[in-house]
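Two complexes follow with subunit A in common, the first pairing it with subunit B and the second with subunit C.
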Partner chain A sequence: MSNWEHLRNFVVLAAAVVALLFVPPIFSIYIRSFFMFMMLYVVLALSWNIISGYTGYVSFGHVVFYGIGSYATGILMVKAGWHWIPTLFAGAAVSGVFAAFLGYAVLRLKGPYFAIAMLGAAEGVRVIATVWESLTGGGDGIGFPNVENSWETYHAMLILTIITIIVAYWVGHSRFGIRLNAIREDEIAAQSLGVNTTFYKISALVLSAIFPAVGGGIQSYKVLYIEPDSEFFILVTIYMKLFAMFGGKGTVIGPILGAVILYSVQEITWIKFPTAHLIAFGLFIIFVARFMPRGLMGFAVDRGWARKGMVH
Partner chain B sequence: MLGAFLAVAYALPFAVGIYTESVFFDLQWLADFTTVLLNGFMQGGVYAMFGAGLTLIFGVMRIINVAHGETVMLGAYMTWSAFFGLGVDPLLALFLTLPLAFVWGWFVQKVLLNAVVGGPELTPLLMTFGLGLVMIHVVEAIFTTDFRTIPYLPDALRLSENISVGRNRLISFVMATVISCGVYIFLKKHRIGKAIRATAQNADVAMVCGINIFHIYMITSGLAAALAVAGGALVSIQFGFNPETGIFYTLQAFAIIVLGGRGNFIGAMIGGVMLAVMESMISFMVPNGTAMVELAAYGLMIFVLLIRPRGLLGEKTD
Partner chain C sequence: MSNGAGEIALSVRDLKKHFGGIKAVDGCSFELPKGRISGLIGPNGSGKTTTFNLLTGVLAADSGSVIYNGENISGLRPYQIFNRGISRTFQITRIYREMTVFENMLSASSMRVSEREARTRAEELMEFVTLTKLRGEYGGNLSYGQQKLLEFARALMTDPDLILLDEPAAGVNRTLLQNLLEHIHYLQEDLGKTILIVEHDMNVIMNHCEKIFVMDYGVKIAEGLPEEIQNNEHVIEAYFGH
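Right, the complex of A and B next:
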């Protein structure tokens, strides 16, 4: 990819950022929150994509990192009295270390076994968050002191989104990303060519665990209340997975597109059809897995609208 | 390695119990403990039902059906509807629900999964995941998210002064044993059962021998759904259930088949009983244990996959 294309991509990103910075004041707080949550799902889908799209280890329990981030913010703010910004870094650190340990164990498993083990790990951490009442408040959850923070959280989420996009873009265009792709295509061949697969797999998982933790932290400060069943909600994983797959996993633009399109669709539909929209999402997952495994980007590449290659 | 791990896993509840001083080793405690173990053992029959269907599908098609727990949940709701809607006894209702379940499994296999058998392993995983989501929310739309139970023989059968067994547990254990033995004999002796085993061993060779393997896939899937629904019927007479409990049944079933050996029918029976006994020990001895029992399934699943992926009875090659 030439320098011109990198430049063009950054100009597009900068234009989107400027638009997001200056447009919101004219809208209501609801629209602002809507944009904030949309950016949260862009972050989540992109992070999921690092381990599952680039590296090919499909995670069914990625919500665990999001939940750890929200609990880190909740516990440190409410029980230790920290300012909310440092708690985000603390959450990212805890989540990254947890991902390193978890990854060292479960990344030995291949394909479906990794997926199910991650699902089990996420559910297990949810149970621990429910049971460990002295730390997490148990099933009652943690309530934050009430403040109006839609601007702060909006800007924090915008910064996080920019960082995540740049990191995901860097991963996609670096030797690091090429090695991850090699692991996805053929792990044994990659190993025989001298790629330290264990190191790269664990780094990919750690990288994909940091951003959801920060996003979860910002989100918990925004909604001002956390409890295990909503912070470790399996639907969050479903959304990450579906958004990234719909857009096209293994690309940079795919998860962004998927999150923007599908989050808007679900926002419009869930108010009117709270149950039907999940039925529709279930059918949609089946459809995407069966008929468009490469997502929108694969569709675009086939028609010559986007360049063939590793990432876009 | 696996033996050592299991010894530690079973010793852990004792250790925690002794540490928190809820274990006494006097006569009353031993009687209670025996009751708990016995009830856990009986409950294992139900878990074996969960595991049997999943292991059958895995053995024949190498597919992990993540919607399995949702089929169990569906079975519980079918039994509930038969009991309250038609006034049918939950056990007699099996004659009604099992054929329906078989048709459901057949249909899912024909429409969704036949096309993806033998392809990338993750496609069926994602598709059954989507299917499970659809099933949860369709059931939720009909029955709401309220917890339901069927009051069926809730009294306990006294074996001695201090030891007793829930009558519904005993009946469900007997039912589970009868059904598993029936399926086992079917797999061993019947022509179709033999064809199923042949397909599990080597689908290509089975095809060359004149077995219509897609037909066998549909029968297997139907059988697995029937086993799951039977498990659901047994769940409905002893526990509360709601549409969202399915995911936990899936993970339990997966823990069971990983422990017993993926694709091994007898392994699923043993794994079911072992998981149930461990769960009952945790809920009995660990403070706040009833909330922690779920950890048994998750922990077993992850550690057994890491220590000995083929489980107790699985074959060496995967």
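Right, the complex of A and C next:
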């Protein structure tokens, strides 16, 4: 990719940032909240994509990192009296270290075995959060002091989204990302051609664990209440996966498009069909899976609207 | 460029690999002359590809050693062996089908060199194997012969000293094969590389290899010059029986 193309992409990103900074004040709190959660799902889909889109190790338990971040913020703010911003860094650190240990254990597994191991890890941590009442509040969860924080959290989520996009962009246009792709394509060949696959897979998992943790922390401070079933809800993982796959996994722009479009569709269908929105959403996804199995970006590449590959 | 006459590039000593009761490699020993093209032949199931996998760390040996530049590399992981200067291709091509030709090339670049250097090297090698026009095409969309060329070029990204080619002629048309063989001779004659070829095509082995090793039932049964191998009774018996 030429310097001109990199510059063009950063101009587009900068324009989006300016719009997200200056447009929301004219909208209601609901619309601001809508944009904040849409950005959260951009972060989650891009993060899931780093491990699952690039290396092909499909995680069904990525919500665990989001939940760890939520609880780090909840515990450190409510029980230790920290300011909310440093709790985000603490959550990212805990999540990253947890991902490194978890990855060392489960990234030896492949395909459905890895997916199930990740699902098990998420469920295991959810159970710990439920039974360790002295630390987590158990099933009752943790309530935060009631404050007006919609602007703080909005701006924090915007900064996190920008950082996540920049990191995802770097992964998607670097030899690091190419090596992750090589692992997805043929792990034995990748090893034989100099890729320390264990190191790269764990690095990808750690990278993909940090941003959801920060997002979870911001979200918990935004809603001012956390409990295990919502912070480790499997539907969050499914959304990450669906949004990334709808846009085109293994690309940078795909998960962003997927999250923006599908989150908007979900929100609209929820308003129009409050009891049947998941059915409408599900039908939409079946349609996409049937007619665009490689997502929007794959659809665009097949028609010559986008170039093949990530590095040119 | 020194041709390394008389020097040993790689020494294999009493290498063994058993799969349950099957003795795939059973005490194999040989020494590869430096800067030469050598051939490894044998009937189907004789242990050639298993030997390749043992040399490159894809499989772990049960016992024995592989000495390369004075170091026993047996037991090292594949990427460690690759980083010591040994590269390989596979019997059935293992190019990355949903990555472009250029990405296939970059994937094998050393992280010790800058991205600019890696890109330059990739461009040179694509030119070397006449794949430049296909640089933006997915590997899976190439013909089988082109995939062989891509895999061959990819194996050269780090400028390895020892190149192991597993059946480079299989499924390749005559024109492409001639092209490939010219590249192999260029690497050996002009750049002093050591090359080991596993091949069933006896024309390739007899006309292009200076030394030949023959395996049967996991052991080396003969080694020598092409004309010596052609007249070796053990070899004739291994291929044609009594």
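Criterion: the second predicted complex is superposed on the first by the 294 of 312 C-alpha atoms of A that agree within 3 Å, B and C clash if a C-alpha of one lies under 4 Å from a C-alpha of the other, contacts with A are read in each partner's own complex, and residues count from 1 in each chain.
Following the convention adopted for this analysis, contacts are C-beta pairs under 8 Å (C-beta built on N, C-alpha and C of every residue); 3 or more make two chains touch, one makes a residue touch a chain.
Just so it is clear, the model here is predicted, and its values are computed rather than measured.
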| field | In the superposition, subunit B vs subunit C on subunit A residues touched | value | B
| query | Looking at the overlay, does A:189 come into contact with subunit B only (first), subunit C only (second), both, or neither? | reply | second
| field | Which superposed partner A:75 touches (first subunit B, second subunit C, both, neither) | value | neither
| message | I'd like to know which partner A:284 touches here: subunit B for first, subunit C for second, both or neither. | response | first
| request: Could you say whether A:20 touches subunit B, subunit C, both of them, or neither, answering first, second, both or neither? | output: neither
| said: I'd like to know which partner A:234 touches here: subunit B for first, subunit C for second, both or neither. | reply: first
| task | Could you look at A:171 and tell me whether it touches subunit B, subunit C, both or neither (first, second, both, neither)? | result | neither
| request: Jot down the residues of subunit A that show up as touching in both complexes, subunit B in one and subunit C in the other. | output: none
| task | Show which residues of subunit A lie in contact with subunit B when the two form their complex. | result | 58, 60, 105-106, 108-109, 111-113, 115-117, 119-121, 123-124, 127-128, 130-131, 234, 238, 241, 245, 275-276, 278-279, 281-286, 288-290, 293
| field | Footprint of subunit A on subunit B - complex, ascending | value | 64, 66, 112, 115-116, 120-123, 125-127, 129-138, 140-141, 247-248, 251, 254-255, 288, 291-292, 294-295, 297-299, 301-302, 305-306, 309
| remark: Interface with subunit C, subunit A side, in the complex: residues 174-175, 178-179, 181-182, 185-186, 188-197, 307-312
| Residues of subunit C touching subunit A in the complex | 56-58, 77-79, 82-83, 87-88, 90, 94-100, 102-103, 106-111, 115, 118, 136-138, 154-155, 157-158
